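Okay, so subunit A shows up in both of these, paired with subunit B first and subunit C after.
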Partner chain A sequence: MKVLLAEDSASDRLILARLVSRLGHTVIEAEDGTEAVELFRETQPDLVLLDALMPRMDGMEAARQIKALAGERLVPLIFLTSLSGAGDLARCLEAGGDDFLVKPYNRVILEAKINAFNRMRALHQALSHQRDHIRRQNQQMLDEQRTARRVFDNIAHTGCLDAPNIRHHASPLSVFNGDVLFAAQRPGGGTLVFLGDFTGHGLPAAIGAMPVAEIFYGMAAKGFGAPDVLREINRKLRRILPIGMFCCGLMIEADFKHNSLRVWNGGLPDGWLLRAGGYRVAIPSRHLPLGVQEPDQFSASMTVLDAAPGDWLVMMTDGLPEAPNSAGESLGEEGVLSVLAGLKAGQEPFEALLARMQQHTGKPELADDLTLCCLQMVRAEAPEVMPDKIPESALTGPADWHCVYELREQTLADFNPLPLMLHICMEVPGLRSRSGEVYTLLSELYNNALEHGVLALSSEWKTSPGGFSRYYQERTRRLGNTDGHFIRFSLGHQPREGGGTLTVVCEDSGDGFDFTEYSDTVAHQQAASTGRYAGRGLEILRRMTRNLKVHGRGNRVEIVYDWWFPDAAITSGA
Partner chain B sequence: MNDKPHLDVEALAELQDVMEDEFDVLIQTYLADSRSRIDGLKEALATADPEHFAKTAHSFKGSCINIGAPRLGGLCFEAEQLGKDATLEQAPAVLERIEAEFSEVAQRLQNFGQEV
Partner chain C sequence: MPIETHRSDDGKTLTICVEGRFDFSTHQSFRDAYEHSEPTVSHYVIDLSDTTYLDSSALGMLLLLRDHAGGDGARISIENCNSDVRRILSISNFEQLFSIR
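Our next item is the complex of A and B:
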């Protein structure tokens, strides 16, 4: 240990220097306070022995300056004194001294004090190193989280969370608190939103979020519906997550065309559908969280709700109802409900809930583990041409082909063929930019064939109030008996100068329905007059295709769809 | 007045043990230091500076206690008190006794050193 010794009396200095060096320490000697401060700065000693009364700068002032120079370092400072009054001794300690040594020096006491301070110094040093180590590790962890977040963002981009009808709050690093929020536009229109809350925090939760993001966005882009996505997420999480770790989630599939919602809640707080006129529908958890059940036990059955443009859908993780105020009390789900019940006409639930949370917690910043998302129903828009990121060459991929795909009996109830058929069509170079249109063509044909052909459901029901949910109930019931039924798709594509032609024939085993009424005369009037769904669906097909033909008894529909490369379209239009 | 001994022989023996061959250097250092302290006291008295008088007496006291000259240390304490109280009237008398005691201590220390 390096010991700085400041003492103006030469004989005292001599004695003390000898006592200290005999203990095995290096001694640096100063004759007054000013020299002591200078030497302290130069030599960075580990312990200081300081005479209280010295010429030039006295010990008290030197002590103050030395303590300031030492900063965070613990440098024990022992005053040497022949002062005897208690007040004088107290002043030494007030000036920053840690102890004092009274003359005449006693070598036993001196040794005991130096050793005690050396232990304290070592302890302080160990603590400081540990603190610095923790600080560095924490910094490293934050850096790593930021990097991981960038990787995560490349998979779980914001999707369409920034759409004008979606409001959301999520902490930038929320994925490390186990919260995930995804939203995607479905190829044929409509929006899919998933809010998830993993058990646990930190890296395990973030790692679990990665495959969920990939499944969600991958499947949504391919046209899969909410039940398929949920089943796949559950299957994946069940396989990869350890026992006791799972993901509470709420999935929304908003269909703006039919003004309906399909919802699924497994373990999250109640979601809410807020209809006009202050009418509220709860979306309670009816399922176990994702990753708990084996795939064959998992139920992806969705609740169907009617909604209208302007209605809001509210979903949240439990960080919102459970956030404590300064007294440790939380709002609870009742508190959330009272905010929603108190909404005035035209007031947005998102703003109201956030304002209530800020008032509750007394902090402008909301906690990290709180995610809130509100989705507003809007009017359906025409399917947009998806921007194509990768320029595609007309020379790669199949352009001239034909295939037949037939679904039979029970498979009609169990399997949605649209993603697979869309995938086949998207292999055609250049056609990917039309995925929304192609998905719409395929899904209209398929839904007509299944619902009006095979299941013989009447579209009349959908127009009656609340009929949509009844329609879905009946649909589910009839899907229980599809014996002897089939739907057959014949898909073909031929290249053309500047684009191609996709031909789709969709045939079903149903009794057919009165297509002639639509196909020959009704198309134009139909769209204008009743706006009934089946008629409108057919009108969409007619508008998007070069040719639409209905064969037989109304159970064989053929469409011919021409498309152009984006730049070729400009040329031909000019 | 104090009835402390001129030299604390026990303390000096311990110092001798600690300082080993530097003990004589210590004695000479102490003696030289003490002479300059006495000069300092005289100077303070001449310039009528009670604060300087007190501080010098205080430091002198410290080294006397450490070296093992308790009676001289006691006199220095008296001088320090006079300086602190700014009552230097009796200071010349105390200083005279300090000088006399110092001669005594110096004599005895020289002898003590030579005994070894």
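Our next item is the complex of A and C:
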């Protein structure tokens, strides 16, 4: 150990220096306070013995400067003094001394004190090293989290969370608290939203979130509906997560065209549908969380709700009702409900809940581990032409083909053929940018064939209040018996100068309908004005296609859809 | 001890009582409670009469016990929950996996 010894009396210094060096330490000698400070700076000693009374700079001042120079390093400083008044000794310690040694020096006490301070110094050093180590590790972890967050963003992106009808609060690092929030536009219009909350925190939760994001966005873009996406997420999580880890979640499929919602809640707090006039419908958890059950036991059965443009959907993770105030009390689901019940007409639930949270916690910033999302029902818009992100690959692919795809009996109940057929059509060069329109064509044809053809459901039911839910109940019941039924799609495509033509014939085994009124323009306008769904479905098809024909007994519908490359003029000119 | 266990006289039922907060801090002792149980045990009773709080990591621990006790064939009853605890179990629909009394 290096010991700095400052003592103006040469004889005292000599005695002490000899004592200390005999204990096995290196001694650096200074004659006064100024020299002591200089030598301290140069030699960085481990312990300082300082005479209290010295010329030029006294021990008190030297002690202050040395302590300032030492900074965070613990350099024990022992005053050497012949003073014995309690006040003088106290001043030594106030100036930054750690102890004092009263002259004349006693070898045994000196040794004991030096050893004691050496132990303290070693302990302090070990603690500082550990603290620095933890600080570095924490910094590194935060850096890694930021990087991981960027990787996660590339997979999860924000989807359509920034759409004008969606309000959400999610901390940038919420994925490391196990919260995930995804939203996607469905190819044929409508929105899919998933809010999830993984058990546990940190890396395990974030890793589990990655495949969920990929499944959600991948399947949503291909036109899969909420039940298929949920089944796939559950299957994947069940396989990859250790037992005991799972993901609570709430999935919403909003259909703006038919003003209906399909909801599924497994383990999250109640979601809410807020209708006009202060009318509220709870969306309680009816299922086990995702990743708990084997695929064959998992239930993706959705609850169907009627909604109207302007209605709000509210969903949250348990961080919101459970956030504590300064007294440790949480708002509770009752507190959330009272905010929703107190909403004034036109007031947004998102703003009201955030304001209530800030008032409750007394903090302007919300905690990391709560996520809140509100979705407003809007009027359906015409499907957008999506910008083609990969024009090169879109110019090569099959353009002249025909295929027939027939679904029979039980498969009609179990399988949704739309993603597969959309996929076939999307292989056509240039047609990919029309995926929304093509999906709408296929799904209108398919739903018409299935619901009104095979299942013979009457669209009249959907006109009565609450009838939509009854319609869907009956739909589920009738899907139990599809013996002898089929739906046959014949898809064909031919290239044309600057674009192509897609022809789809959809035939079903049902009894059809009296379509004569649809073949003449006047009658079709009447049908549209009565607002009947079947009329609306056919009207959508008629508007989007060059030609719509109904054949047979009304069980065979044919459409011809023309499309052009957006830059057709340039292509044909080259 | 926040966790106490006792075995029925015939050795077939193991009762695990959790006192206070049933959360991640009880993880190790909860596991110890059933992992070192005798092979004769065929029925587990989780007595939550003295449990004041239960969080999602406790739900995870219950799933681990269920897996240990044979998964779908496990016989586990959760008993004497207070209303808060009961609510958390039912939000997650654990009635489908455990017999909750």
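Please note the rule applied: the second predicted complex is superposed on the first by the 557 of 574 C-alpha atoms of A that agree within 3 Å, B and C clash if a C-alpha of one lies under 4 Å from a C-alpha of the other, contacts with A are read in each partner's own complex, and residues count from 1 in each chain.
Everything that follows uses one rule, which is that contacts are C-beta pairs under 8 Å (C-beta built on N, C-alpha and C of every residue); 3 or more make two chains touch, one makes a residue touch a chain.
Nothing here was measured: the structure is a model prediction, and the numbers come from that model.
Aligning the two structures on subunit A places subunit B and subunit C next to each other without any clash. In the superposed model, A:157 makes contact with neither subunit B nor subunit C. Within the superposed three-chain model, A:82 lies in touch with subunit B and out of touch with subunit C [touch as defined at top]. Of the two partner chains, neither subunit B nor subunit C is touched by A:379. By the touch criterion stated above, A:15 is placed in contact with subunit B alone, subunit C being left untouched. Legend: residue contacts after superposition of the two complexes on their common chain; A:103 is shown touching subunit B, with no touch to subunit C. Vertex at the C-alpha centre of subunit A, arms toward the centres of subunit B and subunit C: the angle is 80 degrees, rounded to a multiple of 10. Once the two complexes are overlaid on the shared chain, A:53 sits against subunit B while remaining clear of subunit C. Figure legend note: subunit B and subunit C, brought together by superposition on chain A, show a least Cα distance of 59 Å.
Of all residues in subunit B, only 11, 14-15, 18-19, 22, 25-26, 29-30, 32-33, 55, 58-59, 61-63, 65-68 touch subunit A in the complex they form. Of all the residues in subunit C, the ones that touch subunit A in their complex are 56-57, 59-61, 63-64, 67, 90-94, 96-97.
Residue ranges on subunit A touching subunit B, taken from their complex, read 8-12, 14-15, 18-19, 22, 51, 53, 55, 81-82, 103-105, 107.
Of all residues in subunit A, only 197, 199-200, 243-246, 248, 266-269, 284-289, 292, 318 touch subunit C in the complex they form.
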